[in-house]
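Below are two complexes that have chain A in common, paired first with chain B and then with chain C.
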Partner chain A sequence: MKYSYITPRDKSALTQEVQLLLSFFTITILMLFLTYTFLLYKNYSFKHEKQEILIKKEKLKKSFLVMEEEIVYIEKQKLLSENIYTKNIVLKDSISNLFDLIPSRITLTQAKLLKNGLILYGITPNKDIYNFMLQAPLRSIFHKTYSSFYPAQKGWYRFVSTNYINEEKEEKIDE
Partner chain B sequence: MLSKLFESLYNKVIVSIVLNRKSCSVYIEICSKSTVVDSQTKTFETATINQEIIEFVSSYTKESPYSYYSVLDTSVDQGAIPACKKSELSYYKNLDSYEYKCFDEKWVCYTLKNDLYEMKQQYKDFGVDFIFSPISIIYNFFEDKVKSHFALYVLVQDNFVSLSVFENSALMFAQHLDMKTSSDEELSASVIEVNSDLEESIGIDLDDVDVIEEMEDMEDLDDFGDIEDLDSLEEIDEFSESQDIEEEFFEIDEPIVESDDDSVNEDYQRFTLIQKSLGDYYNDKHYSSNFIETIYIADGVGVSSDLKKYLEEEMFLNVYIRRLDIPMEICSLAKGELGL
Partner chain C sequence: MNNISRQYIYLLVVSLILFLFVLIFSFLVLIPEGKEYRIKRVEILSMNRDFREYLNFHTETEDTLQELRSKNRRIITAFEKTFSPSRFEKENKKYFSKLSVSTLLEPSIENGFAVYEVNTTSQISSPKSFYNFLEGVNKSAYMIAINFPIDFKREGESIKSSFTMNVYFNNKDINATASVSVNK
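Up next, the complex of A and B:
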């Protein structure tokens, strides 16, 4: 039976000291938990980044190979272009030189530039002009020179001059 | 759930404090569930809560957050009423400004709300968890008797006398009397009256008995030589002889306190108060005034044999005195409240 006029005050095991202690532990645990969570997140983030970097690396590797191939191809193209350019310059010089070689009294009707030779078609007033003024310089350039003459109108001659360079010798000279 | 777990881990410290006129009794009991681990009692020579008491109590209560402070209601304006329904309470007293507690749906203990507040203020250093009425202490202390014995039950404290009449666990009448407020003149007048004409005072009591039957004719029946009254008195004496033997043994076992002048004077004051209270019981038409032949006294201070003698010789009551340690009893009530 209850005899008291008043009801007892609420009692709690959480005294000020215990509350302080619990607060301390709670904060500590909370901090540990937060740190753990943060580390978990960072770990996940790092793994994710690592995965991305690996994929990127793979892509870069592939890209690098492609680029190397392209570089090789471009270098080849460059070499080729340089070669062509050089050849063109040489050809240009050759043609220029060729036209310089042609004396004003001889008229060329056709010129064929071969890899290792030159075939000239034209008209000359006489054989001597040709022999002295054209054949002499051609012989100094080419190793083999063959000339054929065909009579034309008014005592003129049509000629075909076939000139070859000895390739082996040329190569040796290049070397 | 968690609080229950914590509660089971800690011991409960129950502190009972009783402030007397010149001293303060403190009883501390440390309980683990229903087992008493330790108990300590100490009396301080002070009538107020001082630092020494606070330190003594704190040395025990700091061990457990589950410390309960129980005190006895020592206010003057308190008592009990043999009714529990609100409609019936007003017949006896207007309890608007009182705090009251119903028991067994038969009777209530009441005390002034202001006094409760003052008590809380008085013990504000500790805080109070339980405040018990002296009447409820009587009820609990004489629990074995109130169920079957129609009698006057008295709690004697240092400066208070609490009286109650119980019949079949139901309160019939109760009063709480302060020895200090009883005027000396009144008391000395009573002393002269009783000493000068002892027989007359007995006659008055017997007349009060007669009131049961005819209250209105009380004055007419105020005659010591009434044969019917004497006959009824004899019958009552015979009946009183058939009291259970156990009580008689109990009475014999009680230590007889050596009487000195102070204690005799105080005991006479108590006797006067009991006598006056019984007169109130018989005369007040609010109460059914059955004749009381037995008085059980819970002695909380160590009354002398004179009180027993006064009651037996002058009021023809069968007197049984039980020694009561009030702080310990308060503690047992507090334990009951806590379910220990």
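Up next, the complex of A and C:
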């Protein structure tokens, strides 16, 4: 029978192989947990980011609608103002043309400019001057022309000239 | 021999448990979370792209609005101004020998704008003054349209003219005035 003189070693479950295995799995599990934590954090931040984008987009949408409304309103103002300015200029030209139409020998006492007509009151030396120099051009402009004369002093005549444009005809021509 | 085999069995059991844990954790937790991450990332990228496009569009609209505002400043201000007969008389006195503007009636609504109908009587020395007035009215601080009927009557050396004007202003101003008067 042989005896060993070496003192026995303490036997542990954590042998070198087990330690190696454990360290390998610890690293693996740590990496897995780190990845999982990263994914959790990213998903959480995405959720926040999404909410922020939606809030910002909603704000932009509201602001955009307000701006769009304002643009439409300004365009409307612009269009109306252009119409008004044109109307005023056309009116100025029509009045100017009317006064240019009156011959120097005829004196006007009153002129009424209506939307679809013109009424003139005045004095003429005789009917012929009126007929040739005023009524003729008026007839070329208006569809209906009526004149009436009243004797005035020194053989002159007071006249009333009523002229109308047939709006229906004008509209048809425009069409 | 018996001792070695126990060691191997121990190692095998531990490695199997750990391997199973890694496998279960990966398939049940990590991979679904990863899939969710991938979907959310694509979604966020697309949302960010849409948002940037919307932001650009918003900026473009803002620029258009600013341009419109600056180009039409006079028109916008004219529509904002509430008509004051005394101020109008003061501004346009230069065209007439005499000018009087009648009191304002209740405004009506035309094409979404409030319209005051103002009766005006004036005295002019020649038709030229009236032409100047019509040119000047287009540069006025108010938005004024001269309306028919216009009546010119000789009175001695001058001409008496009477006409109506439509003064346009923002309909919002009426609502504001109404709400102020209700509050009062």
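Criterion: the second predicted complex is superposed on the first by the 95 of 175 C-alpha atoms of A that agree within 3 Å, B and C clash if a C-alpha of one lies under 4 Å from a C-alpha of the other, contacts with A are read in each partner's own complex, and residues count from 1 in each chain.
Keep in mind that, in the parts below, a residue touches a chain if its C-beta (ideal position, glycine included) is under 8 Å from a C-beta of that chain, and two chains touch if they have at least 3 such contacts.
Remember, predicted model here, so these are calculated numbers, not experimental data.
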| item | value |
| --- | --- |
| Touched partner set for A:A152, first chain B, second chain C, both or neither | neither |
| Chain B versus chain C as contact partner of A:I27, first or second or both or neither | neither |
| First, second, both or neither for A:Y3, with chain B first and chain C second | first |
| Partner chain in contact with A:L65 - chain B first, chain C second, else both or neither | neither |
| A:T15 touches, of chain B and chain C: first, second, both or neither? | both |
| Of chain B and chain C, the chain that contacts the larger number of chain A residues | C |
| Chain B versus chain C as contact partner of A:A136, first or second or both or neither | neither |
| Partner chain in contact with A:L113 - chain B first, chain C second, else both or neither | second |
| Chain B/chain C common contact set on chain A | 13, 15, 18 |
| Chain A-facing residues of chain B, complex | 3, 6-7, 9-10, 65-68, 70, 73, 99, 101, 103-104, 109, 111, 116, 127-133, 136-137, 139-140, 333-334, 336-338 |
| Contact set on chain A toward chain C in their complex | 13, 15, 17-18, 21-22, 25, 28-29, 32, 35-36, 39-40, 42-43, 46-47, 49-50, 53, 56-57, 60-61, 63-64, 67-68, 70-71, 74-78, 80-81, 84-85, 87-89, 91-92, 95-96, 99, 108-115 |
| Touching residues (chain side chain C, partner chain A) in the complex | 7, 10-11, 14-15, 18, 21-22, 25-26, 29-30, 33-34, 36-37, 40-41, 43-44, 47-48, 50-51, 54-55, 57-58, 61-62, 64-65, 68-69, 72, 75-76, 78-79, 111-113, 127, 130-131, 134-135, 137-138, 143-146, 148-154, 168 |
| In the complex, chain A residues that touch chain B | 1-6, 8-9, 11-15, 18 |
